[in-house]
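After this come two complexes, each holding subunit A, first together with subunit B and then together with subunit C.
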Partner chain A sequence: MQEGTRLTRSIGLIPSSVMIGIFFMVPFVLILLTSVSVPTADGDYQLGFSLEHFDRFASWFYIERALFSAGLCALIALLSLLIAFPFTYMLTQFGPRSQTVWLIYILAQLSLSEVLIAFSWQILLSRTGGIANILVWLGLAEKSFSMAPSAGAVLAALVYLAVPFSVLLLYPALSRLDRSLTEAARTLGASPLRTFFTVVVPVTRPAIISGGVTIFVLTLGAIIVPQVLGKPEHWTLSVLITDQAIFNFNMPFASALAVVLLVISASVIYGVTKFFGGKS
Partner chain B sequence: MNILRRLYLAIFAIYLIGPIIVITAVSFNEKRFLAFPPRGFSFRWYAEIFVANDWFAALMNSLVIALAAATLSVLIALPVAYTAWRYGLRYARALFGLGIAPFILPPVIMALGFLLLFTSTGFHGLMVNVIIAHAIFLLALPLVTISLGLESVDKSLIEASQTMGASNAVVFRTVILPIAAPFAFAGFAFCFVLSLNEYIIALMTVGFTVETLPVKIFNALRYGYSPVIASIAVVFLLINITVFSLIARFSNLTRILGAQD
Partner chain C sequence: MSGLIIEGVTKKFGNVTAVEDVNLHFKTGEMICFLGPSGCGKTTLLRMIAGLEEPTQGSISFEGKDLTRVPVHQRDIGMVFQSFALFPHLSVGENITYAMRIRGHSRSEREDRAKELLDMMHLPGVADRRISQLSGGQRQRVAIARALALNPQIFLLDEPMSALDANLREAMQIELRKLQQELGITTVVVTHDQTEAMTMADEIVVMGRARVLQTGSPMEIYKKPVDKFVAGFIGTSNLLPAKMSGENAVRVGSAELRVEHGAVGQPAGTDVLLMTRPEEVFVRPIGASAPANAVTGKVSFVRDIGATIEILVDCDGHEVISVLTPKDWPDVRIGDAVTVEMPAGACTVLAA
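== the complex of A and B ==
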């Protein structure tokens, strides 16, 4: 009887299993297989085992790209958490109504296509349309000038992209923070600032660490901002993968780069949670 | 301290909303070239979305894909979340974990996987490809919201109705569904919005046959500035705000985002 019901319960899972199996597992395996495929005489590729595409990656040009991507994303994770943390802490102290309003806005902006964020920063950093004009108006610059493409533009837009995510990643831990802890610190004479740094930050450390990792992986996936606001030397691994797959039709090399990206993401997630003890 | 607090909040709000205000202002520009502060005031770039055939077609493609993908995603997620919660089947929980994974990976990896799958099977370029791809990529959202909803169902309520002789189907319909439905709706809405705004998977699955709005915007960006993009950004932001307000109205937004009740 028990076995019978277990079987009937599992039957309901068949359609979902098929969908997840075909459309998640198979693409995944295809990437792995293609990354080690061997080229044929007519320029196509076939199943086989060769590491030549990884060998191509192992040149200074691509390794430098990988290091640049990792460094950029680590910096963005750090900056966006620094910007978002105090705000999120204050947000959790707002009344439920204004919390909801803020969260709706933050979600709406977070969901806004990366294409549109890149576009808005293109306007902001252009000669005719934004920050440069304000600098002239303030007398800080003589003449309006264009601030993109540049590494700074890529950094600024990606941080802007990451801040709403950081707020949402920090929100659960900060809203569940035991208020009696901060009250106790205040009663014992600690200043609000001191309470913040000696109680709030240490207690929410796991969320800060796992949030940082998530932001890192998230910005590693950014594709449009580096293309629109950066020069080719600011392109990240994700952009190079798209470039290889769509414009060079080099699937094996794109797959090999995807495997590298996967390894970087996975090892950062694993390494950071292991050594700093964030929650997974 | 209070002044510092207010100052920080003000700066943060300007930082967050400033670029959006600039885009909004630019979208009402009368002229075709970029100018901020805007010159003149007109709605012509909003009319353009609906008048220009190619922009309107892209908008329609995006809406159809997002609706279909969100529906499919909820349909895939529902049995998995339900079996994992109700019976705690190990297989269902493994499936749950697998379903979360695509969302955590950099999207370009899934996009490349879908591209390889559809080109190697010869089904390249169909609209249904991107619907399925989005449904799988965003599966984590309905999975998480639905299981949050199910967790708030009191199990003693189920036992009570079973003691009174209700069958599994009746329990599901009368006890579980009313409590879990708002959360399933939230999953649907999250999926809808993210699919609408998604770029790289849409590009790699159907980029050259079915143009979605984000893909079209990026193509337009390559040829320089177009004021229509600014008006589309405003429309999209309004859609996003509406959808999330609906979630907040009919479901429990702060709880979905991880606050305690």
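== the complex of A and C ==
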């Protein structure tokens, strides 16, 4: 009888294994193989083992790009959590009907693609039609100016993209937060603010950590916003990968950069989760 | 103006009235139980004393100070929640001294006090454990210790035993009562379990449908319930339909009984209920001497549960239960015609 159930369980795993196999393992292996491929005489590449593409990465230019990308995305994760967490907590205090309305509105925000956000913000930050004109109208500036391309513009637009996502990532844990915990804290003399910092935040820490890590990994893949709203010095590693792959036809180098990106993501996920205790 | 005074308190949630016009006065140091079925408003009333809800009308004051508009975190209370609400991210010791940490007490002060409280609650040495490592009974003790850490003036408990196993409950009821008496702290417990209320309370407040139905000591309420709802809620009661037949007398079927307690002054002919407690009525075989205050019937069931025996008698379609100890066994069997003696002092007349 046990043999039977074990077999049926293994069979049950086949569909998901096939999916993971096709959609993750195969591309991953292909990228890995391409990143170590050997150049041939006529400019093409073949299967082999050469570390020259990783060697090319090892220059300061690319390493600096990798560090910049990681730093930018960490900052985006931090800022979007700082904005989304108090907002999501307040949201869970609303009545159920208001909550549903707000969640639908936030979900709708997610349907806006990176492309749409990038170009909308470009207009918003432009000299001719952007918010600088409001500052002039208010008397805070003499004449209108363009706020993009700049690092701030890239940061702002990506945080704007990340916040609705953060709300949805934090919502389950915050809505499940036992209300009697905050009530107990208040009966023990904690003001609403103290209760927030000594009870609400620590208890939902796993969700905050895994939410932050998720935002980090997702923003690492942004390619439109850095190019549209940023100068070349603001371009992330993902932009360079696209550049190498699509415009330079240098698949092996692009693959090498992609492997670096994967390693960064994996180490951040592992490191942060291990040291700060996220949900696995 | 000492003690806990609740004056004219009403609480409405939109169109729903959770608590209606409650007026209560308790002495400092008393243990009070709010007793009633779910939805009767007892928890809402407790939460208003805590400050977790604000009364729509009325005021609450303690020792002369009006608490009604004082925010929760500024009231000198300690509260134990039904689910205990222990902080999962803090150790046992950190949970207990949370209130001290908020007020800036030093680490050594907190550690000492945690040890003191854990010893008092018979849980020595668990200060460094995680909450998830404790059993239900241990968690309750930690919750109590946490509430009492700073010696609050009012101790509030919301159905504190409901999360415990049945066999633990009785022991904890007694322990909690002893602790309360030792500390002399004004305590309010909300419960739906009348044995719990009878065991622990100096005074019981019976509530039903948002109103206070009766207040009094456990024995007062048990012996002289004010209406059939309270009679039915506390202990088992025999309720026989009867008609008033003059001053201090009722007619049950063909029997005339003298009564002393309850709504005895009603005009003759009024429909009433005659209430007696099972341990105060006596079943005897129909024989030579017919006792004065008695009704007749047939034994329908005998429940021998070891320490006590219950005899169920069918009196003209209504059930009367008599409870007695084995040594008083009147030797009757199912089907026997019997007479059930109901002494005048044991009868209470209630509105029908």
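We take it that the second predicted complex is superposed on the first by the 256 of 280 C-alpha atoms of A that agree within 3 Å, B and C clash if a C-alpha of one lies under 4 Å from a C-alpha of the other, contacts with A are read in each partner's own complex, and residues count from 1 in each chain.
Here, a contact is a pair of C-beta atoms (placed from the backbone, for glycine too) under 8 Å apart; a residue touches a chain by one contact, two chains touch by 3 or more.
The model shown is predicted, which means the values in this text are computed figures rather than measured ones.
Once the two complexes are laid over each other on the shared chain, residue contacts for A:L78 go to neither subunit B nor subunit C.
Contacts of A:V228 after superposition: subunit B is touched, whereas subunit C is not reached. Contacts of A:V199 after superposition: subunit C is touched, whereas subunit B is not reached. In the overlay built on the shared chain, the residue A:S180 is in contact with subunit C alone; subunit B does not reach it. Of the two partner chains, subunit C is the only one touched by A:L188; subunit B is not. When the shared chain is aligned, subunit B comes close enough to touch A:A118, but subunit C does not.
When subunit A is checked against subunit B and against subunit C, the one touching more of its residues turns out to be B. Once chain A of one complex is fitted onto chain A of the other, the partner contacts of A:V272 are absent, as it touches neither subunit B nor subunit C. Within subunit A, the residues touched by subunit B in the first complex and by subunit C in the second are 192.
Taken together, the subunit A residues at the contact with subunit B in this complex read 6, 9-10, 12-13, 15-17, 19-20, 23-28, 30-31, 34, 83, 86-87, 90, 92, 96, 99-100, 103-109, 111-124, 126, 128-130, 133, 160, 163-164, 168, 171-173, 175-176, 192-193, 214, 217-218, 220-221, 223-224, 228, 238, 241-242, 245-246, 251, 254-255, 258, 261-262, 265. Contacts from subunit C toward subunit A in the complex involve residues 50-52, 72-75, 77-79, 81-83, 85, 87-89, 98-99, 101-103, 146-147, 150, 156.
Of all the residues in subunit B, the ones that touch subunit A in their complex are 1, 5, 8-9, 12, 15-17, 19-20, 22-23, 26, 33-36, 76-77, 79-80, 82-83, 87, 89, 91-92, 95, 98-99, 101-102, 104-117, 120, 132-133, 135-136, 139, 193-194, 196-200, 203-204, 207, 213-214, 217-218, 221, 225, 229-230, 232-233, 236-237, 240-241, 244-245, 248, 253-254, 257-260.
Across the interface of their complex, subunit C is touched by residues 178, 180-181, 183-192, 194, 198-199, 202-203, 205 of subunit A.
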